[in-house]
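Next up is a structure, given as structure tokens.
Here the chain labels run A, B and C in written order, and each chain numbers its own residues starting at 1.
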Amino acid sequence: MKEDVNIKDPVLSIRNLSVAYDKGNYAVKDVSADIKRNAVTAIMGPSGCGKSTMLRAINRMHELYENIETKGSLILNGKDITHMPTIQLRRMAGMVFQRPNPFPTMSIYDNVIAGYKLNGIRLKKKERDDVVERSLRDVTLWDEVKDTLHKKGTFLSGGQQQRLCIARALAFDPEVILLDEPTSALDPVATSKIEDLLVKLKENYSILMVTHNMSQAARISDFSMFMYLGELVEYGKTKDMFTNPKDRRTEEYLTGKFG
Amino acid sequence: MNLGKLQAKQFSQLLNVHQMNSDKITKGVLLLSSFVILFVAGGMIFSLVEGAIPALKSFGLSFIWSNNWNPTEGKENYGALPFIAGTIITSVAALLISLPLSFSVSLFLGEYYRGTKIAKVLGTMVDLLAGIPSIVYGLWGFYVLRPLLIDLGLPNQGFGIFTASIILAIMIIPYATSLSNEIITMVPNELKEAAYSLGATRSEVIFSVVVPSARSGIIAGYILSFGRALGETMAVTMLIGNANIVPDGFFSTGNTMASVIANQFGEADGLKLSSLIAIGLLLFLLTGIINAIGKFIIKRMG
Amino acid sequence: MNSAAKITAANLSRRTLKDKLFKGLVLFLSLITISPIVLIIYKLVAKGYRQISLEFIIKTPPNTFEAMTALSNGELIPGGIANGITGTLLMVVLASVIAIPVGVITGIYLYENPGKPLANLTRNISDILQGVPSIVLGLIAYMWIVKPITSGFSALAGSVSLSIMMLPMIVRSTEETLKMIPQSIKEAAVALGVPYYKVILRVLIPTGFSGLLTGILLGISRILGETAPLMLTALGSSVINMDITKPTSAVPLLIWEFYNDPNMVDLIWSSSLLLMGMVLTLNLVSKRIAARTK
């Protein structure tokens, strides 16, 4: 795969990444790309193109399941994370999923701090309160929930729940945030709130997101990847790709011929 | 109007009437059969109460907390306390012994090896535990487990609460695991992945996400299995030592409500029979309450 | 970067070790849990297989003196458990004849009237019946049949106690099975103007047949090994009895008798082996049917 963008000091380097289900059935084929720091990078493509699979491979979620084979290497902030203990890796890469999934048995407060609790990191009450407030402010949820911090997170609306999940990922100060179609289960109002939020967050964070929605990619991303049948077909500045796609397949996808 | 049409119309009207009647009869039969269950249940309570009246009249409510069981003619006195105590102690002990085992099995089936061949094999074997007749458990306990416990220094020839509880624990495991395994399997992957994505290990995911989400189901499973333990008869009868005393410890001999009925029924009549029926009534109520609590929890989970 | 959020090497190794230990514990305890079934079956086969023969199935047990003679000569105890096998079959068939129609029809009623108060009541009562200890059902059948109707211990009384045990299981499995049938299949039949009973007989029951069968077989496998209620109702008999108003033996009752007779005690293993064989076969067959239809 030739590289179409030249990114200096990338936050994440993906090198020859392949993911296969049941031996030989490749969902991601030999993808290499550098991801820009403090920017939003979108991964697009028709369903089944391997975009979610690739994102999950970065957090090595596939290791939870058998019969999934991953090849290639991943370098996060200069550290090879391919064989690092997943505990450490996942602490550095925050992940947000398609459907909001706050822990239903925990309060809003405990959801935000869940990363610390799960990892057995003890914080003083003051530190904990600070982390919770900062993270909830980051996702513009603080004013909405500051009086109900100790209620269950599942009472929130879908959009609020998803922002809570983003806060949960942010609380840990991740070096990259991976989002897997974070707005696909949300209504337009909640979606636009999350989009605004992501644009704001890139000041401090590096964001890699999968989206099924081209116009969303056009609205908020700085860089875009187009994947098709497991291959990275095209990667470049979003503006360039949308105005002047280099590959015929990208063009067909962007003009709505398939997908 | 032609004749053929008219006949067809009449015919179809006739058919309709016939069908309406047959539907009514069908519905009536369905309704009636559901009354059978209500009638059986009502009749059970009625008969148990009726059979227990002589004993309850003679001893009053003290029947429940008297520990004097004396069939000697003239000095006849019956109290259910030894059996109530024996039942509750053996069942609680059985539940405690079975907890770590059934919890492990449900994690094996519903989490660690979910959907794999090895889980299928293990699941089938656990199901088979439920298929072994109580009397066979009793034989195995008597001829295999008891000698082992005697070697370990258990008093009373290896009979007693402890031995009975171990066998009971094995017997109730399938009842606890079938429900909790099902509920654990139902914990959404998304939740577990959320915890993994924060860096949790598998055991941390189990204790912070899986168990809290499946808590009600796991508890309900244990309650239902406890209800099973309360009413088990043969295996307990063969191992508990059949002493009509309030057990004074974990290794003491004793008797349960079910086992005293099985043991003493053959030679019983009059007041003694009535007392056994009264114990049956108490056992019926006890298991009924425990099961109702279990079902209530399940229902509340939706 | 937030330094408090660092994961130290000590933290990492401690948690990884804990995770492994816990998995090891789960595996170990799971293995412990299934060991009894292996040990029990091994014991029954090892001690019981020599006695299993055609004679064991078609002959009745010896008297205790004959057994003692055989024992002292170092021979196998002669005779078999034909009275138990026939008694078990008689009572299981009779219990099924009582419980299956009532259970299936009640299950259909619950399925047809899901929200009705009477249906809810019936369902709850049926659930509670399922939890009633079998020994209590023995008491009930004693009071209902032994005393007033057969004026003595009888196969009928045994069957009644077993049928009350089976009934709620069949009700439940019928309702659950019917619930899984797509509504459209039923509606298609109703739309054709077919009378209601024919919808039940020609559509619902055939469509859910394997589910119903599974429930019934599981129910039968549950009552096959029951001992306690039969001690209070059928009592036992040393000869083959086919009169439902007379005391009757059953395989589990024979095991209980052998267990209490030092001369006959060797027969417990072969009898248990046979009983377990019947129960487990039914169990596995019904599971197989259930798995195939799912």
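Following the convention adopted for this analysis, contacts are C-beta pairs under 8 Å (C-beta built on N, C-alpha and C of every residue); 3 or more make two chains touch, one makes a residue touch a chain.
Since the structure is predicted, the reported quantities are computational estimates derived from the model, not experimental observations.
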Chain contact topology (line, ring, star, complete or other): complete
Chain at maximum distance from chain A, centres defined as averaged CA atoms: C
Geometric centre: closest chain by C-alpha means: B
Rounded Å distance between chain A and chain B, as computed from the means of their C-alpha atoms: 49
Between chain C and chain A, distance of the C-alpha-averaged centres to the nearest whole Å: 53
Distance from the mean Cα position of chain C to that of chain B, given in whole angstrom: 14
Multi-chain contact residues (two or more partners), chain B: 199, 201, 204
Of all residues in chain A, the ones touching two or more other chains: 87-88, 91, 115, 119-120, 172
Where chain C touches two or more other chains, by residue: 7, 15-16
Of chain B, residues touching chain A in the complex: 188, 190-201, 204-205, 208-209, 212-213, 215
Of all residues in chain A, those that touch chain C in their complex: 85, 87-88, 91, 115-116, 119-121, 123, 127, 131, 172-173, 175
Chain B-facing residues of chain A, complex: 59, 61, 64, 86-91, 94-95, 97-99, 101-106, 114-115, 117-120, 165, 168-169, 172
Residues of chain C defined as touching chain A within the complex: 1-2, 4-5, 7, 11-12, 14-16
Chain C-facing residues of chain B, complex: 19, 22-23, 25-27, 29-31, 33-34, 36-38, 40-41, 43-44, 47-48, 50-51, 100-105, 107-108, 112, 122, 124-129, 131-140, 142-144, 170, 173, 199, 201-204, 206, 224, 227-228, 230-234, 238, 258, 261-262, 265-266, 276-277, 280, 283-284, 287-288, 290-292, 295
